[in-house]
Structure formats: structure tokens, C-alpha cells
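What follows is a single structure, written as C-alpha cells, with notes after it.
Going in written order, the chains are labelled A, B, C and D, and every chain counts its residues from 1.
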Amino acid sequence: MAENERLQAVFERDEPAFIPYLAAGDPDYEASKAYVEALARGGADVIELGLPFSEPIAEGPTIQNAIVRALESGMTPDRFFEFVEELDVDVPLVCMTYYNLIYQYGSEDGPRPFVEKAADVGLTGLVVPDLPAEEAGPLRAACDEFGLDLVFIVAPTTEGERLERMREQVSGYVYVQARLGTTGARDDVSDQTDESLARIDDWDVPKAVGFGIKEGEHAARIVRAGADGIIVGSALVDIVADGAKSDDSVEAVAERLERKARELKDGALAGAADSEPRPERT
Amino acid sequence: MSDTHAGKFGPYGGQYVPEALMPAIEELTDAYERYVLNNEDGFMDEFQDRLRDFGGRPIPLQYAEQLSERYDTDVYLKREDLLHGGAHKLNNALGQVLLAKYMGKERIIAETGAGQHGTATAMAAAHLDMPCEIYMGKTDINRQRPNVFRMRLNGAEVNPVTVGRGTLKEAISETMRDWATTVENTHYVIGSVVGPAPFPQMVRDFQSVISEEARHQIEEQAGRLPDSVVACAGGGSNTMGAFANFVEDDGAERSSAEKSSGDEPRDRVDLIAVEAGGSSLAVDEESGVAPNSATLSTGHEGVLHGARTKLLQDSDGQIMESHSVSAGLDYAGVGPELAHLVDEGRVTPANVDDDAALEAFHRLSQEEGIIPALETAHAFAYLHENPDAVGDVTIVNVSGRGDKDLETVIEETEKRDLDVDVDMSIFEGAM
Amino acid sequence: MSDTHAGKFGPYGGQYVPEALMPAIEELTDAYERYVLNNEDGFMDEFQDRLRDFGGRPIPLQYAEQLSERYDTDVYLKREDLLHGGAHKLNNALGQVLLAKYMGKERIIAETGAGQHGTATAMAAAHLDMPCEIYMGKTDINRQRPNVFRMRLNGAEVNPVTVGRGTLKEAISETMRDWATTVENTHYVIGSVVGPAPFPQMVRDFQSVISEEARHQIEEQAGRLPDSVVACAGGGSNTMGAFANFVEDDGAERSSAEKSSGDEPRDRVDLIAVEAGGSSLAVDEESGVAPNSATLSTGHEGVLHGARTKLLQDSDGQIMESHSVSAGLDYAGVGPELAHLVDEGRVTPANVDDDAALEAFHRLSQEEGIIPALETAHAFAYLHENPDAVGDVTIVNVSGRGDKDLETVIEETEKRDLDVDVDMSIFEGAM
Amino acid sequence: MAENERLQAVFERDEPAFIPYLAAGDPDYEASKAYVEALARGGADVIELGLPFSEPIAEGPTIQNAIVRALESGMTPDRFFEFVEELDVDVPLVCMTYYNLIYQYGSEDGPRPFVEKAADVGLTGLVVPDLPAEEAGPLRAACDEFGLDLVFIVAPTTEGERLERMREQVSGYVYVQARLGTTGARDDVSDQTDESLARIDDWDVPKAVGFGIKEGEHAARIVRAGADGIIVGSALVDIVADGAKSDDSVEAVAERLERKARELKDGALAGAADSEPRPERT
């Protein structure tokens, strides 16, 4: 199983990873680039970049709307790859998108052309929320071929055999879904998080928790619960949405994003400081 | 049937859903096998009893005198419009709500386009005393008002879906989101032969009572099998229901095991799936709009709403906005089994445009005293345009009645210059 | 049956019509005897075939789980709402249009109140390829819009009647006027068990398929006859249809000829006719208005629309304007046979008010997943108010479905403070 | 069978009878009295007075509307009898109404009280359009008892046995319905009239033709065809309706009615002058 080196390097450091998400092209190509770069400045360790798909069945309203804005501003898979190439950031980038876009890319049906191109522009991994382990064979193979990680999501409902199957396929990190439902910022941290982390406690892959994290305090709480990283999407997308709505300058919004990123990153670090030292990883 | 293994139909089917739903889908697959396929706890007996007493089955196969004369062919109508709720949808909704009950679920959710699946689900849920919420796009809410009222009267909550164009596609996505949150106590009653396995085969099985009855009825009434079966296809549930028991009548040589004495081939029953041609088959890639829903004729393989199937999509793989005068056909996907049967040459895909469907709507109303759903009218428009393609004996599936479409029909008829004698001024008196 | 001679039921019935119509009525009487009573030329066979294939008969008798539990009695629903067109009305309309065809008539006219008889007649006329005109009062046109559209879609002309209050009473008078002009080539398809002989007995005969089926079904399902049959009564056609095959189950001693071995009396099946109590049973003699249509309970013998029967009239004999929230019950007369059976004590007259009917409408919709016609809702309101009066096993006739009533129900529910849980705000979103 | 003497006397004269109809109380009690009296002045030989019933199934729109006006102005059976008593006219009056009003009058059910009262106020006969011969027994008996004629209507569709049955019951005159349909003024004379008259040619009762007669010319044509009288309703009611609509004075309307009556009467006389002399009646 491929382990992308850059992604691996992130989790080998002795601190929790902060993994923010933004939809590429939201609200437009240039602003979006500035926003992603702001996240990097704010301390992102990995960035999940959404390639917008017209039927985002796993997303809540916040990210749905971001995707609509990005699509309306002309984002396409080809533009997305350009976007990634043009980005001036130093951290590993993971593409989050739906399977149909991966399947349709290029001249032949199937995931290979997409993955080849993704590797080519320097993406380090993929998250595909509508692709369970059962249907992931061809994509897994293409990722292996081109050295990309394929991140899977462990849901609160994932148990038993399914958990085993996923353990075999996952690489890079495992995305631990903090609660049932779709993406979206919440005001609390779910107990389901602890249970989920406990269920995969012995997995030999970094565990990043997402779905609903909104504040530094949440981040700390989750790292204390044993997470190796935190994934934050809607709370950041909210800032982009507010900026777009109020017609604020790109700089002002980028500034806010950077500040929020730092809050979250600091929260995660604080959580790590409270915890016992994390075991070394191989 | 063509689902030989693991919910795949040739290259189509599968389970492309968020991980959170997978356990529920496995649970459902297990329940489907036990209760539906193996009649555990007498599930299928109870289902059939309720279809009879609550639904009104068996439903007649009616010889259509006026149409038969007009087209010089024996036209039989499978009258699903007489099913409780006014469309074939109850066959499936009742089956799934009952299954949810056997599975110990406590809540029902469903999407709806035309509102027929929503009303059927709301009725079934009321009948079986289950709380029920229905997701419906805002565009569909506006063009199918009576059905919105009916769902609410039956005690269901109707949740408007405002994203995108607000039609069936968005409603399905939204219902999947609800399910992803509530999957532990909730069953998602999907409304057609779409979605992740086991939905396509399960919905087909619940709907196949249509062709089970029709096959007996046509043998009794015409003394033979039909030369063709014609049904409209949105997702394809009435289509698969009407085709299921004729799929094997493919005119092929029988295998020696099946041979009785001679070695004549089986009868051939042509299966014709009529989609919505909308206003045009052309597609506007730029704006992502298909002015039709002719997925089987013009779509391309892809993944949507949990299954690999034929889709209306642009070259990037973004799903197009489909369009049809009939809300129930207005969908960018189609059932994976139907897609496979088309690839195999067993099902003939066809489409007719909005005008032809409206004309057929008026023709059937005036000549046979049956007001069909606009969806159903597409099947009759095909018959009108291709009377020579259906053979000597054909069954047309009357998938539903048109009460829900009155306002749309008046509005859309007024806009056009149809090739049928309708005096629109007569509709003003009572407006 | 109680029509022992010449179209009279005790003091009721007869033929009080203009002379010009008498020959047509004699012709009809003759045709009724030949075709309906004696099945000449296989008329009744064809009628039954068409009721099956076009109409969807037999119609189920459904055990109502929720209501049975609520009222602690076995409630069975005779599902005439599933008949093509959505009400029992087609049984009669199809019979009469077919009879007109056998009689060589070339044109059909009919009155309609709720529009259900009009739509049934329009459908039957389209099915049998007969030109058709329907008279409908302006008030009813306004409160039953969907049915107006349906009639027109089926190719019927709808003639608005603007005299008086513009309800069923005026529509019948107007149709009689048309008939008086066109009697030679036209058949008047009267919509209930009213009018001059032979209409009351003929319509009853066409409708008695309801109780013919129900009697077999209840014996099969419950293993016994019901203790009661409950039906709403406007003119009384669904009522007489639901009662006809139980009338002789009167609990009386059997005559010795009928006795088999013992001399036990027959089973007693109570027959309960529920009329519209409207807003009040009080009557405003001054203005000639009855705020109800409770003819059987409060009416007095008189002559209207061709028959002697019970009527809502003032002390001079002027016919009152009846009122009911349900258009199909909004009639100042009632079938003569029903009036007679009430006088004889064989049928129990009852009535429920508008509020109770609306509540019952919502209750049935929410609890059983069946949206009844407002007319039908009256029968369920009776059950709700008198659960102890119906015995251990009761059949309620679901005379029709409520699709036609959606607008009225929303409007009327909003006005009231009903004793049932309906959140009217939920109806706004989709208006 | 009763033959009311006054009615009999009319037809014993050697000239065709002119029988106008008005709804009593249209548009109000006093005006209506003036109008009926105007008809008498205009040459009426018999007057048919409508007692308005709420469901006049045999009437066309003209008379329906007259009935609505009369009912709205408060006409009732009791008022009707007063009306008849108060009328200052010299010709026989026939009451035209529907059976339910006759049946309900008085304290007992049945026609007797009504007929008794009718005789009492001086009415000479009754026409009841919704009472065919088959149902007329009780009313026939009451009329016989109190010396009133019971006029029946022969329709174009009345033939064979029905004709015989009616012949036995009719008295006063037979009302020959000139055409199928309801009452109402027309622009032509129907051929059905000749056929109807021919069918009852040998009846020993005067034949008065009605339904649709509008002008003197029609009247003449019908008398030439062999009628002993003409009945005119809607053409006169039209004048009342127009007057009510334009708010004309009672005198002006009465004047017009009288003129129209004279035109019709003259037409009938002209028709008689053209015909061969009518056979004597016994």
C-alpha cells in the first residue's frame, strides 16, 4: 500500500496535525487561492481541497453552498489541477471529491487518468466520500501505481468486518467521522468521537477526526481523546461565505482565515500538551 | 433476472454511498434476503395481503377499444392508475415500509419528484403507523401541489429542498443526507429502481407484481403473450415492474434442460422503455442543462446516488439538470438494471417529447375515459408515433392517473399548438 | 327489495315529471326490465365485464387496523374510493351509459354536485364513445374545481347552472329541462337513487354490486355478517348500494318456507345512513334555508325531481336550500326507497355536522392512509361519535376519495378549531 | 268529470281563445295585479296564473326568472289565493303550479285542501306540469269534488296508450305543447304543432296550443292549424322582465302588456277568420 512520503512525514512529527478543508474555487478562483495560502500560513499541516461535484451527498448545507459558489465561478477538474499547480503552499494537499468526477476524467472510463494527473500536479492523496472500501478496488490500484494515499472515512456506524476491510485499504490517514450525519460546524463535541477512536485504537495509521469541529477548544478536546489530527471544514467555509456575502476584501477574509486556522492549530497543540506523550510511529 | 451477483447488473449497480450508510445498507440487504426473497416470518404473504386489501390488487388489464381501433393493434392497458394513491408507486412504498417495520425501524424518510412516491409512502406509513418525512424539491412542490397536500393530510412532514433546480435529483441527495444522520432508527424508502444495492433489485421485486398479474391476464384474455410491453421510464420502477416477468421471453432458443418436446424458441416479447424527450434531445454542456431526461438514449455511464448507471452528465462528470414536463420522469439517472438490459439489447430505449406527451394525455382522456399521469402519457405518445413497432398485441402500462397534473396540463397546453382537439377556453370558466 | 310495484316504495317514488318526458321514462322502464333485470343481449354480462376491466372491480373490503383499535370494534372498509374515477359513482354511470347505448341513444346528459357523478359519467361516456354534457351549479363548480377539469379533459361539455344557489338541486332541474328538449336521442344519466321511476331502483341495482361483494368478503374475512353497515347519504346511491344485499338480514323470524331445520331468526344487520348535519339542524323558514342536508332526520314528505320522497321544504312546500361542507351531500331530497326504509325502521337515519366530518376526514387520512371524500367522512364521523352503536363488526362504505376536496378542506379547516391535530401552517408553504 | 262552467263557456263561443300566462307576484304583488288586469283588458279569454314553485323543472329561463322575482317579492300559496280574490277581472282563471305546493297546502298531506281553497277563491282549473296522468288520481278526485277542471299537457312525444289515458282524465281544455323542451318564446312555429293537433283531432275537448308563441302571426298560424286556443307565457313575461329591469312605471308596462295581448288575440282571430268554420261543440 502506497504511503505518500510527504503525508507520512506530517504524522511522523510529534504533534497533532491540523487539516483544514476548503472548496477550491470558492467563491472564485483567485480568492480561493489566497484563502488556501492563508490556511498554510495559519499553521495547516495538510490541506484538504474540495473538487466540487454537483451532487455532494455527504455534505451539509455549508459545504453544499460552497460547492455551488465554486461551480458557478467555473471550477472544473482541469481548472482544479491548474489551481493546485499554481498554489504557493508548502504542505501536502489532499483532494476531496466524489467518485463520478474521478471516473469520468480523461479519455477512458475509470479512475486511472485522474490519479495520474493528480500525482502529476503534486497532490498527495484522495478522499472520496461516496466510495466505500467495497467499490474502491480500481481507485486503490491507481493510487498505488502513482504513489497517492487513499484516505477512508470511518463512521460511527462502521464496525466488525467492515472495519477490518477498511483497515486493509486505508493509507495516509484514516478520517474518523466524529458523528453521524453530513459535514457542518457544531457547537459541541460528540461522544461518538471517543467511541470511534477507541474502536480503531490499535490501527497502525494516523487518525484524523472531522465533522463538526468549530473552535480551538473542540480541537483540544479531540486531540486529548487520542486523535492524531483534526479536520476542519465548515467552520472555515463559513468565513469564506460571510466574506462573499459582505463583499469583504480578499485580504480581510484571508486574514480571518489565517487567524481561525491558528486558533484551531493552537487548540490542537494545547490538547496534545495535556495528553501523555504519543507513542512513536514507524 | 439479471442481478447475478452482489447487486451488479453487468457493469452497473453497486453501492457508492458514504461509509456511514454502509452498515444500514448491509442490514437492509440482509433483511431483503430474509424477508423478501425467503418470505421469513411470512413477510411476503403479509405484503401481498396488504397490497390486495389496502392497495386494491389485482389490478385489471383492460382492452382499450378506441386505441386498438385507432392503431389497428390490440392494445391492453395495465391499470396501475387504479392502485390506491393513483400510481404504481404504492407497490414499492408499501413493501418497503412494511420491511422497515419488520426491521424494527421507527421512522420513514423518502424523496419524491412527482409526489406520487411521496404520497404512496405517506399513505403506507399512515397505514402502518410509522412517522414519515418526505423531501421534495421546490420546483416539484410548485408543479405538483395536490400531492403536497395529500402527503401532509396523511400526516407526513414535507421538507422542501431548495438547492439547485429543486427537482428529484436534489431531493434524493437531501434524503441521503438525512439518512446519513438518522440511519440507526430510520429507513429510507427510495422511490424507484435506483440507488445503492439492494434497492434496485428490491424495488423491482416489489413492482414485479405488475407483470406477474399482466402475464396471467394477457394469457387469459388474448390467449397468448404480447408482442411488446411499453412503459415510461423515469428511474424505471414501473418499467422494471412491467417488464420483469417478460424479460426471459426473449425469443432465444431454450436451453436443452428447459425444452419440453420440440425445440422451438421462446416467444419474443419486446420491452420498450419510453423516456422523456423533453423539449429537445440536444444538450447545453456550457450551462449543464439537458432539456430532456432521455438517459437511456443519450446518457453515459457514471456514478450517481449510490449506483453506477447511465447518467445525463457533462464531459467532466458533473450531473446535468434534466427537464421534462412531467416531474416523475425529470431525473438525470436511471435504474442500473434497465441500463444493463438496454446494453444487452433486451430493452429498447425510446423517447418522446413534451408536446407528444401532452397530446397523448388529451387523447387518452378523451378517447378512453382515463386521465393518465403525464409520466404515463409518454408511453402512449410512443404508441402513437410507432404503432407499427408494437406488434399485434401490446400492453401499455398505465403507471398512474393524472389528477396531480391538472394544473400543469392546462398551463402547458395553453402555451402550445397541439395536434389534438382541445379547446383551452373551456378551462377558463372554472378557474 | 322494497319496490313491490310500479316504482313505488310504500308511499314514496312514482313519476312526477313533465308529460314530454313520460314516453322516455316508459322506454327506459322497458329497457331496464329487459336489459338489467333480464340480462337481454347479455347486457349485465357486458356491464360486469366493463366494471371489472375498466372500473377495477372487485373492490377490496379492508380491515382497518387503526380504527378498529381506536373504537374497539372490527371496522371494515369497503373501498369504493379505489373504483376508477375515485368514487362509487362509476358503478351507476357505466351502467346507464351502457344502457343508453343498448337503447340506441346518441347523447348523454347528467347533473353533478360534487362532480363525482359528472366525472364518472364523462369517463364512462368517453369509454363508450358517446357525446356527453354535464350540468353543474356554479357554487359546486367553484368548490370542486379539479372535477370540472377532469370532465372537460374527458371530452364532456360542462354547462354551468347559475340559477338559485347553484348546487345539485338546480343542476338536476336544469338537466331535466335539457332532457325535456332532447329526449328523443338523449339519455339522462341521473346520479343517485332519486328521480322518477325507474331511476331509483335502477341506480340501486347498478350500485348493489357494492354490497354483493361486501357480503361475500365479510363472510370470508370475518366468518360472519356484520352487525352494521354505515354509509353516508346524499341522494343515497352509495347507501342503497351498500345496504341492498343486507336489507333482508333484518333479524326477523324466517317464514316457514325459508326455514331450514331450526327456527332461529335471521341475523340482524343494522343499516345506518349518515346525512350531512351541516352547521346546524335548525332551519330558517323565513329565508328558506336549511343549514344542513339532513333530509331523512328532519325532512317531510313531498314531491321533487320526479319522485315523492322526504324533502327539506318550508311549510308551503317550497324546497329549501340545503347546506353542507360536502357538495355531494348538499341536496334537499333523498332517494324514495331510503325514505321508505327509514319509515319502516329498517334503516337508521343519522347525521353529523360539518366540523365532525372535517375531523373525521383528517383522522382517516392520518391514521389509515386513506384520504376520503368529504361525503364519505360523514360516515366516519358517525362511527367516531357512536362507536357503541355499530356492534362488534361493522362495514363502513368508503364511497370516494378526497382528491377533489383538498382546497375545501384546507379552507374549512383553517376557519375552525377542530378537535384533531392538524397544523394548518404546514399547508402554506406550497400554496 | 267536472267541467267548470265558466271555462266551458269560453270555448263554446265561436272564436279561438286567447290564454295568456303570468307568474303571480312578478315582480311584486301590486304590479302583478295591474298586469293581470291589463291582460284581461287586452282581450284574454282565460288567464293562467302561475303560483311560483322553487323548482320549476318545466320552465325555460324566462319563466324561471319570473318565478324567482315573484318568490323574492314574497309570493306564497296563501298570498296567491288573496291575489286571486283581489283581482278585478272577469275571465276564468286557471292556476298553473307544481304538485308539491298543492300537496303540502293545508293541515293534511294531499291535494284536497288546496283544491277546496282554489274553488273557494274562484279559480276554475289547474295545470300541473309535473303531474302526469299516472299520478293524478287524488288531484283529479279533489277537482271533481270542487268543480275545477284539471288541464293536462299533451307533448309531441305523447302517443298511443298514454294519449288514451290522458283523454279520459283531461277536462277544461287540453294544453297542446307545441314543441319539445321547456317554456320560452321562439321565433318560429314548430311543425310538431300540426302533428300534435292531428293526433288528438277527434278529442272532444278544446285544444289550446302553447310553448313558444310570441307574435300575432304565430297565433294566427296555430289557429289555422286547428287550435281552439293559444297559450302565451314567455312573450308576456319578457315585457314584465324588461319593465322591472328598466324600472318603468307599472302603468307603462301594463299598457305594453295590454297592447301585446291585443296583438296576440287579433292574430288568433285572424287565423280563425282564415279557417273553415269550427264544428259546434256539445
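Definition applied: contacts are C-beta pairs under 8 Å (C-beta built on N, C-alpha and C of every residue); 3 or more make two chains touch, one makes a residue touch a chain.
Since the structure is predicted, the reported quantities are computational estimates derived from the model, not experimental observations.
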item: Chain whose Cα centroid lies at the greatest distance from that of subunit C; value: A
item: Gap in Å, rounded to a whole number, between the CA centres of subunit B and subunit A; value: 38
item: Centroid spacing, where centroids are CA-atom means, of subunit B and subunit D in whole angstrom; value: 66
item: Subunit D residues counted as touching two or more neighbouring chains; value: none
item: Subunit B, residues touching no fewer than two other chains; value: none
item: Contact graph of the chains (line, ring, star, complete, other); value: line
item: Chains that touch, pairwise; value: A-B, B-C, C-D
item: Interfacial residue positions of subunit C with respect to subunit D in the complex; value: 14-24, 26, 163-164, 169, 173, 176-177, 180-184, 288, 301-306, 311, 313, 315-319
item: Complex contact set, residues of subunit B against subunit C; value: 52-54, 56, 59-63, 65-66, 79, 81-82, 84, 86, 122-127, 129, 141-142, 145-146, 148-150, 152-155, 157-158, 160, 362, 365-371, 402-403, 406, 409-410, 426-427, 429-431
item: Contact set on subunit D toward subunit C in their complex; value: 53-61, 64, 68, 71, 76-78, 98-105, 109, 129-132, 134-135, 152-159, 162, 166, 177, 180-182
